[in-house]
Amino acid sequence: MVRFGVLGAGRIGQVHAQAIASVKGASFVALAEPVEAVAKQVADEYGCDLRSIDEIAGSDDIDAVVICTPTDTHADLIEQFCKAGKAVFCEKPIDLDIGRVRACLKVVEETDGTLMLGFQRRFDPDFNALRKAIDEGRIGEVEMVTLTSRDPGAPPLDYIDRSGGIFRDMTIHDFDVARWMLGEEVETVYASASVLTDPAIGDHGDYDSANVTMRTATGKHCTITNSRRATYGYDQRIEVHGSTGSVSAENTLEANITVADANGYQRPPTLDFFMTRYTAAYANEIAAFVRSVADGAAPPTTGEDGLRALAMAEAALLSIKEKREVRLDEIL
Amino acid sequence: MVRFGVLGAGRIGQVHAQAIASVKGASFVALAEPVEAVAKQVADEYGCDLRSIDEIAGSDDIDAVVICTPTDTHADLIEQFCKAGKAVFCEKPIDLDIGRVRACLKVVEETDGTLMLGFQRRFDPDFNALRKAIDEGRIGEVEMVTLTSRDPGAPPLDYIDRSGGIFRDMTIHDFDVARWMLGEEVETVYASASVLTDPAIGDHGDYDSANVTMRTATGKHCTITNSRRATYGYDQRIEVHGSTGSVSAENTLEANITVADANGYQRPPTLDFFMTRYTAAYANEIAAFVRSVADGAAPPTTGEDGLRALAMAEAALLSIKEKREVRLDEIL
Amino acid sequence: MVRFGVLGAGRIGQVHAQAIASVKGASFVALAEPVEAVAKQVADEYGCDLRSIDEIAGSDDIDAVVICTPTDTHADLIEQFCKAGKAVFCEKPIDLDIGRVRACLKVVEETDGTLMLGFQRRFDPDFNALRKAIDEGRIGEVEMVTLTSRDPGAPPLDYIDRSGGIFRDMTIHDFDVARWMLGEEVETVYASASVLTDPAIGDHGDYDSANVTMRTATGKHCTITNSRRATYGYDQRIEVHGSTGSVSAENTLEANITVADANGYQRPPTLDFFMTRYTAAYANEIAAFVRSVADGAAPPTTGEDGLRALAMAEAALLSIKEKREVRLDEIL
Amino acid sequence: MVRFGVLGAGRIGQVHAQAIASVKGASFVALAEPVEAVAKQVADEYGCDLRSIDEIAGSDDIDAVVICTPTDTHADLIEQFCKAGKAVFCEKPIDLDIGRVRACLKVVEETDGTLMLGFQRRFDPDFNALRKAIDEGRIGEVEMVTLTSRDPGAPPLDYIDRSGGIFRDMTIHDFDVARWMLGEEVETVYASASVLTDPAIGDHGDYDSANVTMRTATGKHCTITNSRRATYGYDQRIEVHGSTGSVSAENTLEANITVADANGYQRPPTLDFFMTRYTAAYANEIAAFVRSVADGAAPPTTGEDGLRALAMAEAALLSIKEKREVRLDEIL
């Protein structure tokens, strides 16, 4: 039984709490949450203790923690809990600064710590079925990966200010999926971005629309298309083109029905919220973490994955600034 | 070169005229059409002669005729032209009276005539691809055929009066497709019908909504669903369920596009007119007739096919009257 | 909090146990299960007590029971627990004999009991989205309901012997859905059936392939197509045709991906097991029961629903025997 | 009646000959074709004269010509026929050299000539339905255009040598579609390409896999994905994302059927040859040319369109060479 402490009971913290409660082989022992009302409600719901972060770090009855606190605390907490000998699951990103990430990963390594980073898309059932089709050789050699990833709407402007911008906040998931699907590291990154949905996003120094093209050493390509606005829901698609075929994962609709009338055939919008869209993925993700802690095995998504995805975001930003292809080894 | 006379230049006559003009190995020599303006216009368009029906029957430069005159003239004309030694293509039905059909087919036989009946669905590319999948063994043994056939709207009431009713006019196409798909004759027919779209149809002694269930001697089933109203276009679908799989032919939409917006995903309606929906089928049908005339081979759809489909319509009507399963051998 | 006793921990019993454990407002207090090993394992998993059926009936800390015992015990247990003042959820059917069902429902009525019958399809998210589209007027007046329901494979022969045959065991779900979708009672029933997948099923007096056509007093139709064999998974589709449009619910596939290669486009089979296919439906069903018990409201599916669906099965059997349309009032 | 001369009766010449023969208001008067056997066969088929190119240029009974000769003759012939006062339809490209194109277009202007360039995709029914959806405001403002265009297989190496490479030969169609869909000119072009399907293509100085990203002055994006290999047929898709929705045009399959079996659901491959895929487009294209000649109106695709698409190809090549974004005004 892996005994859990959860740090932070905001939106994503509660998603993980629910996952821990329902996964076999895991128990939700303690929560640290500064907002008292929220802390009390979650503790009642799951019957867990309320402790401070430091108390959890010092608790003998805690094997692992899930870090769901604000981004700027991630690196410090990872270091603290690795030093305390707890297995750590942390929401991405480790930090917005690549130097800080490197320093943090050094501590993880020195303490022989276990760190899993929250890239939930790797645990989505459809994306896994797609990856499995590739692994089974159904499309031959991977040649081109096309990722379409559009949010239903932009986040609040103050979130944008803290997020590190579209590439570090939103595209970072696509960068990770790109590596997963390509099966090799990208060598070059080109990005182009603009502000099309709301000028205020530009005023805050960010973009809402972006395209990225990446190439590996063997000439494989990946393109990413991002927008902060998709009226038809949360648009999350992958297409991988290979030497003997292609495989694609389509959007999940609100319901699997079709209405036909004088206007034609209508199907419902896609699920429009990342927590609804990725419900199964979040549960599978925690289950994978529990398995790796229980087995003492390396977690499926590591700090190195977080570092590489962040470096790709840096490369994209440099590409936009200098209007050129950037080699990833200029960053890493 | 098969030299054609066309009898009647109404809507369907012009469809066949165009097919003859475009099919290799066929030439459109003469037209018989009582409405002078129409006759002249079609003759100008295709550069064909205008002759009377009797003149065409007596013409040495005519090998084959296409009969597109009103239904109550079909049987007489078939007999006249078989006796005149011309190959005959006739729009279904031969006659609304099954005795008259039998008598006509006897003349065809006695004159060693060539008669092809116009069941254009047998020449539809999608339905043929479906039939081919069955022939290739992709679904194993056929077990259940499901036909959905709905018109965009009801025909005029005076047409209904002359048509012999929904089973002889509309379902007759499905009866023929049922035989084609089942690959064996049906033994029993049950039908249920009602008036749902327009009470006037009931006042004229007909139905607008019908379901038919048929069973063969080996226990295979076919169900037919008909309606005179489908707001989303001309609904023409086939599904064949077999021992190792199923195959279905879907509707053809006005365009192969999808619009996604806040209401979800929208595709255009189906093609909503039988001549648009079956454009390719009508051309293939005449081409098949030309080939059979040129090769002296039996045509792919015969008078016997017309007789059997009509008998199934009779059985459906008797079933409704007596609220029971009717054996086809009660009719034939 | 609704406190539950579960009677029987077989396959479906465990499905309901899991639902009770996860639904808010419900607690799983006691289990009665004769097979000791199974009883112990389930009790360990959910931390519930093990009691006899009679003990559960006499327990003050039990508000409701879920009956998942063999069919021939259902009626007796419903009566026992209604008399004991417990709310009852029972898997369909109440009994294979319609007289016994009537007698049982009389007891439910006399004891003012709460009885919900397990027709899980009414709680399927897609079928509910379809029903909602109808309620919102998106297809106008319902005219024709088409239900396709095919099992991946036949059950064991000894199950068939106990099941009451395909109409009472399998089609009964479709009969219930037909009533739900038509929005009015059927007046006539016609059925046709055969043995196509395995002669042994015929030797045991049952069918494996069936078609049913039903008509309401206002002329609405419903057709049901059943087979015990579908190689592509569990085939569960509904199409409702109305005066201004149609709505359909399609199958749920194993994954939402498509592989394109030299053979064309491939999508995965449908979910092939009723418990996987209806996972969400079973959870929603228990949640609905909990709500109705908590609120003292009538449950959404009642004993009357079970009686009517059974009567439709009886009518289908009589129709096959007498090769005619049967009026439901000949049975009820 | 527009009277046509056709120059060249190769593959595409015969496509256009057939289109001229079937379009109302056009007549196929004369053919110039150096290969005698081909010339004779086509002349027999369509009953047209055989003349030399110069004879056609000097013929009083010719109003318009269709140029289907090798690329390196296009510019000279356009000039010759504009000077001769004939309306000119020419297959793309005008020339592989942008300077030669400019010089040619100057002659067209000075002679007040009519020149339509063969970008047949603009006449595809599905792409037009998509464009119409945009024009009707169904997706709001266009923001991002995604073009996927993959050939079933690479052309012969000697064709590649003459073609000017993938961007001038294949992507050029996408460049034209990009302009059509964006509704404004692109300002920047970035391209990345590699050799993945056959090293011989690289040995001949060309690429087989390419991605292009373009941006307009207002920040709209277009990405193009090309490959010379798609095992599942001829992959031709467009997706346009706008401020209130998205619209996409999907591939046309060989038949509109689905086979379901133990492996899942199978649909046929896409039409795998550009002439089959774009049959309707080629016919509509000639019809549009005939209309513009008959009405004395400007043709829908002009020499300027050809120049701009070629400039985009040049920009792509420069981008690959210099690994940077290229401004189109560096070329034009």
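Order of writing sets the chain letters: A, B, C and D. Residues in each chain are counted from 1.
The rule is short, and it goes like this: a residue touches a chain if its C-beta (ideal position, glycine included) is under 8 Å from a C-beta of that chain, and two chains touch if they have at least 3 such contacts.
Predicted model only: the values in this text are computed from it and were never measured.
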Any chain in contact with subunit A as well as subunit B: C, D
Pair joined by the larger number of C-beta contacts - C-D, A-C: A-C
Centroid-based (C-alpha) most distant chain relative to subunit D: C
Centre distance in Å when subunit A and subunit C are each reduced to the mean of their C-alpha atoms: 40
Cα-centroid distance, subunit C relative to subunit D, in whole angstrom: 58
Where subunit B touches two or more other chains at once, by residue number: 231-232, 244-246, 254, 260-262, 268
Complex contact set, residues of subunit C against subunit B: 141, 143-144, 146, 148, 150, 188, 190, 192, 194-197, 209, 211, 213, 215, 219-221, 223, 225, 227, 229-232, 235, 241, 243-246, 323-325
Of subunit C, residues touching subunit A in the complex: 22, 125-126, 129-130, 133, 138-139, 244-252, 254-262, 268
Partner subunit A, residues of subunit B touching it in the complex: 231-232, 253-254, 260-269
